[in-house]
Amino acid sequence: MNTPQQAPELQVAQWFNSPEPITLAALHGKVVVIEAFQMLCPGCVAHGLPQVQKLRRVFPEEHVVVLGLHTVFEHHAAMTPVALEAFLHEYKIRFPVGVDAPAEIGPIPRTMAAYGMRGTPSLLLIDRAGRLREHHFGQVEDMALGAQVALLLGECGDDSATA
Amino acid sequence: MNTPQQAPELQVAQWFNSPEPITLAALHGKVVVIEAFQMLCPGCVAHGLPQVQKLRRVFPEEHVVVLGLHTVFEHHAAMTPVALEAFLHEYKIRFPVGVDAPAEIGPIPRTMAAYGMRGTPSLLLIDRAGRLREHHFGQVEDMALGAQVALLLGECGDDSATA
Amino acid sequence: MNTPQQAPELQVAQWFNSPEPITLAALHGKVVVIEAFQMLCPGCVAHGLPQVQKLRRVFPEEHVVVLGLHTVFEHHAAMTPVALEAFLHEYKIRFPVGVDAPAEIGPIPRTMAAYGMRGTPSLLLIDRAGRLREHHFGQVEDMALGAQVALLLGECGDDSATA
Amino acid sequence: MNTPQQAPELQVAQWFNSPEPITLAALHGKVVVIEAFQMLCPGCVAHGLPQVQKLRRVFPEEHVVVLGLHTVFEHHAAMTPVALEAFLHEYKIRFPVGVDAPAEIGPIPRTMAAYGMRGTPSLLLIDRAGRLREHHFGQVEDMALGAQVALLLGECGDDSATA
């Protein structure tokens, strides 16, 4: 297996459910779970988003941060920030959600491109040292995800593990 | 129980999945099932729409017509026809869907008002003689719905029953 | 499609949830639904039995009779009447359940053989005139089953239809 | 929270799916998950047993041992070892299952009594040092269970933590 790499910083045009912009840099020391989704993606609505809402309930907020990332790469006219805001309200999504910043050229937004995501839903797990440790595309089993997050929680946050 | 009333005609601004406008008048002689929904209504997405997709598979097209009606009464800026078109594509909804015509005043669209719907999802069953026979708000059990549609199918389409 | 045949009479060694033996002959004029199951058949426990419990709730008792038939064709030492009685209690099955009478030779009980059932769960629908109208093996969709029962309910019980 | 206690040894009359008797003592160094169930307990069949079958798939066999324990405390005549063997076959349960040894007096079997279980399903998590760390009665969420097992997996097996 490859050595885990530092997770690229988020590039977000606008945040919902957060009083101020969020950066991965500022979350150093915590485990970060990022659900990359599109509001009109059936698998995101049926599985991905309910799963991270459950994850938000199961793990303590002071150690595990849950973020949504609206990575729109198709139907851009339909999935606007105005539509996303209504969606978050109706689906009772309370954790912070960022709008992935559009690229200058092409339909793939910036953070999605930086992580090389293959589509939605994509789930990223970032460890306390800021390294990308899991990158799932599609459905993940609750039990396996719970185990992966718990393993990252059990690690200490300094970089000694790789020293 | 009240005598069933003639179902008010649909007032639709735009149709998807249909080459031309659809009227209840022209469907006389068939059983018509109308799923009134909003694309950002969680109960519609999780239950109402999958249920009428199943109904479309179970009953023969020549006798049972399934229609969707996008009755937007909130978040109008989010649930535009452009957004609806993307939604229908992503959720593989192939039966005709009409956009309920906006009222001159107020958020409730015209057909929704004419039927006195209480919200979404609402499910209407119209018999072969064009009369409104069932009007459900919220979730209905598959088995009970299958039975109700079958009972209407078994009736003949003339008005003799009420003569 | 073949002309429906008269449903063979039940051959039952013992009844649960019924003060006296039940015969199809005595149920003439009603629609009869028979769920043939084994208490250790996973598909029966997960789908077949809950489905007929739902059917019992949806349709009126005075017109639709729901019966269980314990058609044990394997693991006979495990699925005894004593075990069945505990099973019915734990799973809160309140409708009448008959123990299909063992054959003189071989593992297939008598009613199961008379109907030519292929395994469990099997679902039989018998019309008001006592004729076998549906014979399903395996899982059936709630909506389709609700429609089939409703269609039989709508028929009158004399034999005029076949005269 | 209390200091975790050494888990009482299993008292088993008969094992299925194991060539020889299993003791907790011999499993020292591994995480042990015990699903206490009754074959006629609906919650065990619908939730508890499928959950530990999933757990068996998600975690590696060399570190996590999954055991079933048939803790019959009612309907003893129905839930015999012969019936259990057929049940395990039909439900494709492949991990070792022990029959909790009957008590000399009363309906509660020995291991069930030693752990003070309140009913079925009960789920026990035992750490690498042989201590009882979790004791659930009823349904547990997959995600939380996955996390709990992973946390125990991350611990080392000696007793230094309590020294």
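Letters A, B, C and D mark the chains as written, and numbering starts fresh at 1 in each.
Quick note on the criterion: a contact is a pair of C-beta atoms (placed from the backbone, for glycine too) under 8 Å apart; a residue touches a chain by one contact, two chains touch by 3 or more.
All values reported here derive from a predicted model rather than from experimental measurement.
Steps from chain A to chain C, taking the shortest chain of touch contacts, total 2.
When every chain is reduced to the mean of its CA atoms, the largest separation from chain B belongs to D. Separating the centre of chain C from that of chain D, both taken as means of CA atoms, is a distance of 37 Å.
Not a single residue position of chain A touches two or more of the other chains.
Shown here, the protein chains touch around one cycle, each chain meeting exactly two partners. Of all the residues in chain D, the ones that touch chain C in their complex are 40-42, 45-46, 75, 77-80, 82-83, 85-87, 89-91. Contact residues on chain B toward chain C in their complex (touch as defined above): 51, 54-55, 58-59, 141-151, 153-154.
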